[in-house]
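Consider the two complexes below, in which chain A is the common component and chain B and chain C are the respective partners.
Let's look at the complex of A and B:
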């Protein structure tokens, strides 16, 4: 039937409704946007501050470090723009509003993504991309076709890796409603981790965050590939190109955890 | 094949209880403990029981919100959790506390959005909306943001929202709770007409006896997660000999005036000025008319049989 709306139209309608509802609170919207612009800048400033006291970080110069920070920030902000609002799920679960989400003939995750989208995050993602472009122009990158492809794919893979952590982390709310800080340790903790070359972290910590959770594939490894330098930590030379693969694995794992979590949803009393 | 069918449906929740200062012992508590149910197309089913009996939990399993811990459920031939999104298109759900509406947007906007969410062709959507607007008197608050609606207005909006995609089954959890008398009447008679039309199967939970009388041809009473009665309201009252009561205050002590058939004197206050009659048959009107003839009648009140009390007695009865 020509007149039957498509599923895409359903998500577009959810997004439109959310944007219209947001504009009802103009002042708080303006304040949020200004505050988030400041926070993005602070992340980059923290790298500048570090280089006031040291000429190199784990063997990386200022411009190299800035490139890694720029990649990390771009990946995080892209992810945050799309699924950062998954935090609201905790509130949905606590109050039982998650019932209403399950009662609609749409998939849960896209409903949350489109239905709670916050437009101020577009501004942050755009800023992060500008910072990345600046970092790329300062860094010593010899451009090849492979690196050109990588510079586009790297922030996307990084965003998917962060997204997987966000989704898996929010899933803990199905078991423990007050699990916010635990999940934040991995999401926002992961963001702070990826800003710097992994060599600055002590061994066990690096093993967990960089390799087990895959955070090294967000910015550090793609950064090495772009700069064309071997890993000072001596990892194999193909790893810097593996970020998209890691992103697919992370997304698959997160999807599995998510499915189990939704089955564990307990709702609340009537 | 029945439209709704469950066999041995169970839901257990794990509860941690204190066992000493720091230790917590885990207990499995069955909220729904083996329910067998078959509901045919077009039925109007009242699902009743005391608080905590497992009514909402059952509805949540039938609508795909909760996964059962055991047993089987089929609604419209679908498995509610595994085929959740397909089922959602074919059922309507009104859970009073879980709004389907957009809080910050006018009611009209919510209805427009639901057309996209449920993918309803515009002509069908417009026709159903027009009918609900007429029958539920929505026009005066259609442009009001949902958060500013009164509870009665919002409930009328929720019912409309649940019907715009033409569901085969409408599940309602306490649809009249907290409403004022006028809204209760409006909701009740709308649902009665909807059920009478025969296209929509109604399943509702309620504590309100008037809802049950007006809306439920069949009652399933549950307690502690099990079905304790399945039949009509008349059968329920007959089985437990529950009756309406008429309490009268008199100007003179009760003198034993003959009362119409079906009415019996249950209690007489010590001073004789207040008498309680039980009505097994006949009407309160006949009884009051007979008493009014004596000239000493001052005040009358009619007490409906208490469904909670009936349910409590049901459960106390050895199986």
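Let's look at the complex of A and C:
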């Protein structure tokens, strides 16, 4: 019965220790916060820069593209806030520190997430939501009850899809210890992919990223539904509303891969 | 005191070559990581080329003076160069400052800036043979890339890559040296990450920015010299005269960054506190 409060206290202690450690070096902390706030804006800034030299991207105007970029950014930052740390897992595996994680009487995934938490991630996510609100106010959206629900659900399901890719990607380190940046192709690559209308990508590349990995459901399809535009690529009209379903599927698949990966783990030793 | 003649003396050059060779072999050991990195660069090559070609199509064929194939080359050369100039993730020196290991660098008879530079050039040579070539081959097969028309462009491109590596090394070295004052350089690394993404030509060509911003970046900061410069040389942007100007700007920045590294190193040594015990 006393089990639950103790677990929560353990996570609180992990989080508190991280916060204290990172605020020890004040100058570094301040610079870190400021620079990472600007980096979060970079995706949206690059859309602005590209539209300085072109009036449209694959038939999408500036405000339409900005809405897609805003949705993608909000989803990515929400995901990064929660599970972005999983990125460091390959270091845990390579150095053998993962042994210590497995030995503690806490669940593995939450430990990794809370053990390296940076408070600036909350700020980043908040900033991304502000950008999304600005993009929504600029875009030509006719609000209906269904679209109001969608605009809340879309960043959340997008974040779950990104989270699934992050978790599944991190498991490659269980099999290939020096897998290095391999997973980045799909995590950060996925972020870049979702910023733009999927029509700009060549056919097979689109088939892999947009439909097989589900990245079209992060921002492109919800964006179409919000704008009330049919897909210029001619996909069925119900797809733009399917993001939550895809998120559930992605999360289930990632959970399975993670479980297999952890069982497969053999310490690297040193 | 004839520093330049000391650096260029035969024994010093031999030491430099030996350090460069060691740098090459050290990085050649991690083949799996190299392949993983090249794979990621290739995926990003596809992503960014798609964006750039859509921009060129939207702009009616020419965007800020670049045609479609030139933009495609910009993307693939950029992805290959990332590893050659090692834009991200070098904290070796600052880690050594934090742990106190840096003291053994200071005891060696070779100046630390030179020994790190030599090792870095060796690393860049390996990256050129692996991380640069692999994505380039894929890019050449998958897209219509712009290839230089003037034969002189090839050697000039090599020179431009050398300058770019030296400028990048200088910036990274200075970023790492801040550890002597700050110990925790997470914030400085983040600031460099921001500059390296937004201001080197990584995220978008510098020419997409307003004219005044371009001038400020090219002449008042070292950032475009790291990535945009070699790309502009290889896609033959402008005349041969423009190519020469780009190389001259890069050469100046390489000299400035190395000089700055030496000066700051001297000041940093006075701050040295050896940790641990």
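Everything below uses one rule, namely that the second predicted complex is superposed on the first by the 264 of 270 C-alpha atoms of A that agree within 3 Å, B and C clash if a C-alpha of one lies under 4 Å from a C-alpha of the other, contacts with A are read in each partner's own complex, and residues count from 1 in each chain.
Please note the rule applied: contacts are C-beta pairs under 8 Å (C-beta built on N, C-alpha and C of every residue); 3 or more make two chains touch, one makes a residue touch a chain.
The model shown is predicted, which means the values in this text are computed figures rather than measured ones.
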One more residue to check, A:143. First (chain B), second (chain C), both or neither? neither
Checklist line | Which of chain B and chain C A:175 touches, first, second, both or neither | finding: neither
- Message: With both complexes overlaid on chain A, does A:36 touch chain B (first), chain C (second), both or neither?
- Response: second
Touching A:105, do we find chain B (first), chain C (second), both, or neither?
first
Practice item. Once the structures are superposed on A, label A:205 by its partner contacts, choosing first (chain B), second (chain C), both or neither. Key: second
Counting residues of chain A touched by each of chain B and chain C, the higher count belongs to C
Going through chain A, the residues touched by chain B and also by chain C turn out to be 24
Per the touch rule above, chain A residues touching chain C in the complex are 22, 24-25, 27-36, 38-39, 42, 45-46, 49-50, 52-58, 176-182, 184-186, 189, 192-193, 196, 200-202, 205
The chain C residues in contact with chain A across the complex are 30, 32-33, 36-37, 39-40, 42-44, 46-48, 50-51, 53-56, 58-59, 63-64, 182-188, 190-191, 193-194, 197-198, 203-204, 208-210
Per the touch rule above, chain A residues touching chain B in the complex are 1, 3-7, 9-10, 12-14, 17, 20-21, 24, 96-97, 99-100, 102-107, 263-267, 269-270
The chain B residues in contact with chain A across the complex are 13, 55-57, 60, 63-67, 81, 84-86, 88-89, 93, 95, 97-100, 102-105, 109, 112-113, 115-123, 173-174
